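You will see chain A twice below: alongside chain B first, and alongside chain C after that.
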Partner chain A sequence: MSYYFTILSPTDTPIFNIAFGTSKGGGDGIARFRFPDTAQYMNQFIIHSSLDILEEAQWTNGGMYLKHIDTYPPASAYISAFLTPSGARFLLLHQPPQLPSSGSSSALGASSLLGSSGSTTRASSSSVAANPTSPQTEEAVRQFMSEVYESFVKTAMSPFYKQGMEIRSPVFRSKITAAGKKWL
Partner chain B sequence: MAAPPRHVSMLSISNSNAGTPQSASSDKPQTPQPPSTPQQASGLRVPSNRKTIYDRHLNRSRNAELSRASFAYLFAEMVTYAQRRVTGIQDLEKRLNEQGYPLGLRLLDLLFYRSTSTSSSALSSSSTSSSPPNRPLRILPLLHLIHGPLWRLLFQRSADALEHSVSPDTPNEYMITDNDPLVNTYISVPREMNMLNCAAYIAGVIEGVCDGCGFEAKVSAHNQPTEMWPSRTVFLLRFGDSVMEREKVLERAGIK
Partner chain C sequence: MTSPGDGTPVKPPPSFSPGVARNASKSRYPDESEATASLDAELADAHTGSSPTSPLPTATAELPIRSSSPQSRSGRSSTPQLARSSIGSPFDGRSDGSEDIRSLIIRAFSPTVAIYASEDTDALVRNKGFKGGFWDLVRPFGETIPGKVVIRDSIGSSRAWEDYGVRFVNIKGLGAANAARDSPLAQMEEVLEKQLDSGEDTLGGPISGKDVLGIPATTPLSKLFLRQLLSSTPATPHETFGHPVASVIAISSRNTAPLETLRQLYAESSTGEKRLPDWIQQDYLRYYVLIHDEERDDIAESTKLYDQMKRHFGLHCHLLRLRSSQCVVTDDDSIQVPPCEWLSPREHLSGVGEAETLVDLGTDGTPYLFDSDATAIKTFIRELMVQSVIPFMENRVAVWNDQVASRRRGISGRLAAVSRRWPFGSSSRSGIGSSGGNSGNYDTTQNFYAPESPEATLRKMADFAFMLRDWKLAASTYDMIRSDFGNDKAWKYHAGAHEMCAVSMLLNPLAMSAKIKLESVDQMFETACYSYLTRCSDAPHALRSLTLAVELLKSRGGSATETAARWAMRVMDFGLVESIGQILFMERVAACYASKTPVTGAKWGARRRKAGMWSILAADQWLKAGKPSLASACLEEAERLYADVLEADGAFPMPEMQTFVDNLRHAVKVEYLEARGFDARDESPIEDPIGTEEISEKLDKRSHRRSLIGLPAQLDAGNLKLSPGPGTLEEAPNDDFERA
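Take a look at the complex of A and B:
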C-alpha cells in the first residue's frame, strides 16, 4: 500500500504533502506507486480532481471525516478526505500494492484483484493495507486523520502561522510520518 | 519580503549563542544532544528541552483562567494601537475587526479539537453515545455554535440572546446580544466618539468563525444600552447571498 497525503488550504493552496508506504505487515514505509515515473505529478492531479466531489460531500455530511470519497480506477487510487472546521482539507490517496501476476491483465476487476492480493501477497495481519474500502481501513484512516488534525491545530494556534501558509516544520513532518507508521 | 532573511540570520545567531553556554552550563550532562542536521538546515530553532509546540497538550490550558487585568491592559493597548493609524470611527472598528478575524479561525479549530477529545474521553468513562460534533452546515447550528460553545470558550458563559431579523427585507440578518461584553468592561468611550464600540474586535472573531465554516458574513457591533445594561452590545451578522442560496438548497434537501 502506498500513500500520498496532502493538506489543502481553504483557497486550494497545497500547504503540506508527503508520500509514504505502509509499515504494516512487514512494509518498510517507502511509497511504491504503480507508475513510479509519473506518480509524482499524477498523484497531485488525482487528488486535486477529487476536490469537486469533496465540495459536494462537504454540504451533505456534517462530520469532519468524510471517509472514502473518490476512486480513480486507472491507477486504482482511492481518496479519503477529512475536513477541518476552518476549511482546510486533508486528502489521502491510497493505492493497494500491485500483484506481480496481474501486471499484464489490466482488465482485472478491482475486487478480484484485492481479494487475491489479500490471500497471496499479504497475510491476514495486514487487512488494513489489502482492502482500501473495508471498515478497518476507514477506521485506520480516521485515526490517522485525527492525529494529523491534532498536529494541524497546534500549527494553526501558533501566532506565527497564518491560514494558508505552507507548513515547513520538520517536527510536523515527523509527526505525520509517525502517525502514518502507527495507523496505515 | 525582507522578513525571511532577517529571521534566518536572527535564528542562526541565537543558535550559535545557545551552543556554547548550553555545553558549559551542562544542565543535562547525561544527554549530550547530537547536532540535529535537519532542523538546522531549515533554520528552525528547537528548544533545548525538546518541547516544541507539537509536544504540548492542547487541553492543558483548557480550564486555566486568564487574568482579567492583563487582558484589559492588552486590549486597551490594541485599541490604542489601532487608533493611531485611522481616520475615523468606521476605520477604527474595521481595524479591530481585522485583529479579531484570525483569532476566530483559530478558535474554530481549537473548539472542535477540544470537543472531540473530550467527547471521546467522556465516551470511555460514562459510555454515552456522544459522537464527535458536526461541522455546521446550516445557519442555525452555526449561530448556536457561536452563541453557546464559542462564547463559553471565550467568556465562560453563553451569549444573552440570539434573534433573527423580523423585517422581511433582510432575512439574512441575525443578531447575537451580549448584555455586558467583557471587552468593553474597562473602556469608556469619549462623547464625540459615541458611535464606537470596541466589541468590533469580537465581531471580527465571529466573522472569522463564520468564514471558516464557509458562511461568508459581515459582522458588526452596535451599542444598544438599556437601563439595566449600559454596555449592552448587539452583534449584527449579515450573511452573503451565496450563503442564503445554499441555505435554500440545503433546506430542500432536508439537511439540518
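Take a look at the complex of A and C:
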C-alpha cells in the first residue's frame, strides 16, 4: 500500500505533501505508486479531481472525517478526506500494492499512464492495507487523520504561521511520518 | 469550502482565447467573435508596440506566482485552433447531443429485411451501375424512411417516429456472415485509424464538429466508433436483431417466366440451398416485388403481370418502376445516392461506399440515380414498411404476447418456472403445456434454442417490441426470460437478455425515476458483461453492451453520468479496445463527467475537475499517438472545463500538475505547428524570460494564423491592470453589440 497525503488550504493550494508507504506487515515505508516515475503528477491530478466529490460530500456528511469519498479505478487509487474547521482539508490517497501477476491484460500504450490495475482487492494478506474500503481501513485512516489534525492544530497555532502558508516545519513532517507508521 | 475565486463576481477568462469562460454564451458565433477579436487586436497594436517595456514592472511585481501575469498566461494556455474554442454553454448543447446519440442507438436496432433478387433483376440493376445488385440499390434508402412512421404499441396507443429505418441485407450473406469474420474489434481499430489519417488535414481533425456549434457531448469520431460497433455484430442465434423480419423477393419484367421464378425463389429461400441457418425462425414475411424496366418493357404487360402476382401471392406485392439505363452526374434530374450510414467495419475496410473509390472510378461507379428512380424506391420502401412489415411485426408481437408470454406470466407459468427450478418429482411436467417447456429446449451441442421453443419465441417477441420501440413491453419480456436462460446455462442468451433488458429500461423515457432502478440496471449490465466476457469470451458483444451502458446512462444525466464514467473506465480496464479506442473512451469519460451539472442553486455537484483531468490525459495520449490537432482540441476542452474551478488566472494550485500541463501545452503547440509545416522550435519555451517570449509569440502567431490574433487584445487588458476583470468583460459585449 502506498500513500500520498496532502493538506489543502481553503483555496485549494497544497500546503503540505508527503508520500509514504505502509510499515505494516513488513513494509519498508517507501511509497511505490503504480505510475511510472515520470508520471507522479498523476497523484496530484487524482487528488485535485477528487475535490469535486469532496465539495459535494462535505455538505451531505455531518462528520469531519468523510471516510472514503472517491476512487480512481484505472489505478485503483482511493481517496479519504478529513475536514478541519478552518477550511483546510486533509486528503489521503491510498493505493494497494500491485500484484505481480496483474498487468498482463493491459500491455497497451495508453494504459501505462493510467497504471494498470488488477484484482488487487482480493489480495491474500489480511493486513489493513489489503482492502482499502474495509471498515478496518476506514478506522485506521480515521485514527491517522485525527492524529494529523492534532499536529496540524498545534502547528497552525504557531505565531510564525499564517493561514494558507506552506507548512515547512520538520517537526510536523516527522509527526506525520510517525502517525503514518503507527496507523497505516 | 468553495475557492475564493468563486466569490468574486467576475473573473477574467483563464485562457486568453476570446470567449471561453464566462462570456461563453455570446461566443456562439465564432466568426463574429473572431472578427471582433481581430479588430480589437488592431486597436491594441498601439499598446503592444510599446508593451515589451511597460508591462514588465507589473509582471515582475507579481512574479512569485508567475502564472498570474498575463504574459506567462498567454504563453501557457495558448493552444492552436483558437477559432474553434467557441463553445457555447456546456448545458444547452448537451441535450440535443445526447438526443442524437439516443437516436443513433435506436436506429441501430432497426428491423432487418433480407433481399433475394432473381438473376435478371440483379443484371438490370448492375446495368445501372450498382455492382451489388438490387440490394446495393435499395440499401442506402432504407436507412431513413421518409415521412413519419406510426407504430402501435402493445397497449394500443400509437406513436409516430420520424427517424425510423430498415436494414436491408443480402440473403446470400446472411448465413455466411457468422463463419467468415476475424475479430471485428481489430477491424474497428483499423477503420478508426483510417478515418483519422484521412480526416487529419480536413478542418484540423474530425473532432472539429463543423456542423453544430461545439457540442461537447460527442465527437464525430466517437460517433463513428459507436456506429461501427453497433453495425459490426452479425446475425447470431442469441439475439434476433439480425434475423430477417421479412424477405423481399424481386424479379424484373425481363423475366420470361415470372411466376415460376418467384415460386422457385421462394422455395430456395425456405427449403433450398438459400435456406437460412436453423436458428432463424423460418416463418418471416415474404414480400414480392416486380421491377418494371421503364425503357425497354411495356407497362401494360407489367401491370398485367403485377395483377397476376397479386392474385397469387396476396397483398404483399409491389410494382417498382425503374429506368434501366445508367444515370450520370450530367443528367438533368440526377441525384446522388445517399451514403450508407451503417457500414460494418469490414465493408469500411474493403471500401464500400467510400468517397475516395468513387472519385477514383470517375463516372464509372458513381452512384447517381434518376430522380424518378429515387422517388420510386423511396415509395417502395415506405410502402413495404408501413403497409407490410410493421403491421406484420405488430401482429406477431400481439399474438406471441397473447399466446406465449401471458401464459408464462400467469400464475401457472410462474409455478412452472418455480417447479422447474426445484423439481418435485414428475409432477413438474404436468399441466404446463407448451408454455412450460423445461430446460430441454436448449440444444447444448449446438448452443441454441430451437426457434419454435417458447424461450426463443419470447426473445424474438421482445426483440420485435424493441425494434418497434415499445421499450416497456420489451423490458418486461426480457426481464421475464433472463433468469430462464441462466437456469438453462445458455450463457450467451443470458447475457443478451440482461443487456437488452437494461438497454430497453434506459431507453424507456417514462420508467425509472427511482434510484433503485438505476442500481438494478447497473447490476444487469454487470451480469451481461460477465456472461459475455468470462463465460462466452465474446469481446465484441461485451464492448457493445458496455458502450451502450455508457452512452445511455450518460444521456440520462444526474447521478447516472458517474456510473457511465465508471463503465467507460471498465471498458479501458478490460482491454476491450485498442489504442485509439482507449483514447476515445478517455474522451467519453471526460464527456460523462462534464455533462454532470451542479445541483441547482449550489456550487457543488459538478464534476469539472474530473472531466478536466480526463481531457488532459486524453490530450496527452493523442499527442503520443501523433495527432496534435486532436490533442489540442482536448486541451482546449480541458481549459474550458477547468475555467470554473481554477483560480482566475487558470493556474493549477498543484505544482507538478502545473508543470505537466505546461509541458503538454508546449509540446502540443510545437507538434501542431510542425505538422502544419512551420518550424516552431524557435518559439521560446515557457521558461524563457517574459519579454522575449512575448515578442516571439506575437510575431509567430500573427504572421501565421489568423485564429490567434485575439492574443494582443488580452495582453492589453492585462496591461491595464487598473481595471482588471470587469473591464475586459464589459468591453467585449459592447464591441459585439456595436458590430452585430
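In this text, the second predicted complex is superposed on the first by the 161 of 184 C-alpha atoms of A that agree within 3 Å, B and C clash if a C-alpha of one lies under 4 Å from a C-alpha of the other, contacts with A are read in each partner's own complex, and residues count from 1 in each chain.
Keep in mind that, in the parts below, contacts are C-beta pairs under 8 Å (C-beta built on N, C-alpha and C of every residue); 3 or more make two chains touch, one makes a residue touch a chain.
Just so it is clear, the structure is predicted and the values come from calculations on it, not from any experiment.
Visitor: Contacts for A:V141 in the overlay, against chain B (first) and chain C (second): which applies, first, second, both or neither?
Guide: After superposition on chain A, A:V141 lies in contact with neither partner.
Visitor: Taking the superposition as given, does A:K162 touch the first partner, chain B, the second, chain C, both, or neither?
Guide: In the superposition, A:K162 contacts chain B only.
Visitor: Have a look at where A:F172 lands relative to chain B and chain C in the superposition and call it first, second, both or neither.
Guide: first
Visitor: For A:L83 in the superposed arrangement: first (chain B), second (chain C), both or neither?
Guide: A:L83: touches chain B and chain C.
Visitor: Using the superposition on chain A described above, determine whether A:W59 touches chain B (first), chain C (second), both, or neither.
Guide: The answer is both, since A:W59 touches chain B and chain C.
Visitor: If we overlay the two complexes on their shared chain A, which of chain B and chain C does A:H48 touch? Say first, second, both or neither.
Guide: In the superposition, A:H48 contacts chain C only.
Visitor: What is the contact status of A:K154 with respect to chain B (first) and chain C (second): first, second, both, or neither?
Guide: first
Visitor: Mind sorting out which residues of chain A both chain B and chain C touch, each in its own complex?
Guide: Residues 10, 58-59, 83, 87 of chain A touch both chain B and chain C.
Visitor: Touching chain B in the complex: which residues of chain A?
Guide: 10, 58-60, 62-64, 83-87, 146, 149-158, 162-163, 168-172, 175
Visitor: Flag every residue of chain C that touches chain A in the complex, lowest number first.
Guide: Touching chain A from chain C are residues 1-5, 566, 569-570, 572-575, 578-579, 582-583, 586, 593, 602-610, 612-613, 616-617, 620-621, 624, 645, 647, 652-657, 659-660.
Visitor: So in the complex, the part of chain B that touches chain A is made up of which residues?
Guide: Result: residues 38-39, 42, 44, 46, 52-54, 56, 58, 102, 105-106, 108-113, 116, 132, 134-137, 212-214, 246, 250, 253, 255 of chain B touch chain A.
Visitor: For a test of understanding, state which residues of chain A touch chain C in their complex under the given definition.
Guide: Checking each residue of chain A against chain C gives 8, 10-14, 40-41, 43-52, 55-56, 58-59, 73-74, 83, 87, 89, 105-106, 108-111, 113-114, 117.
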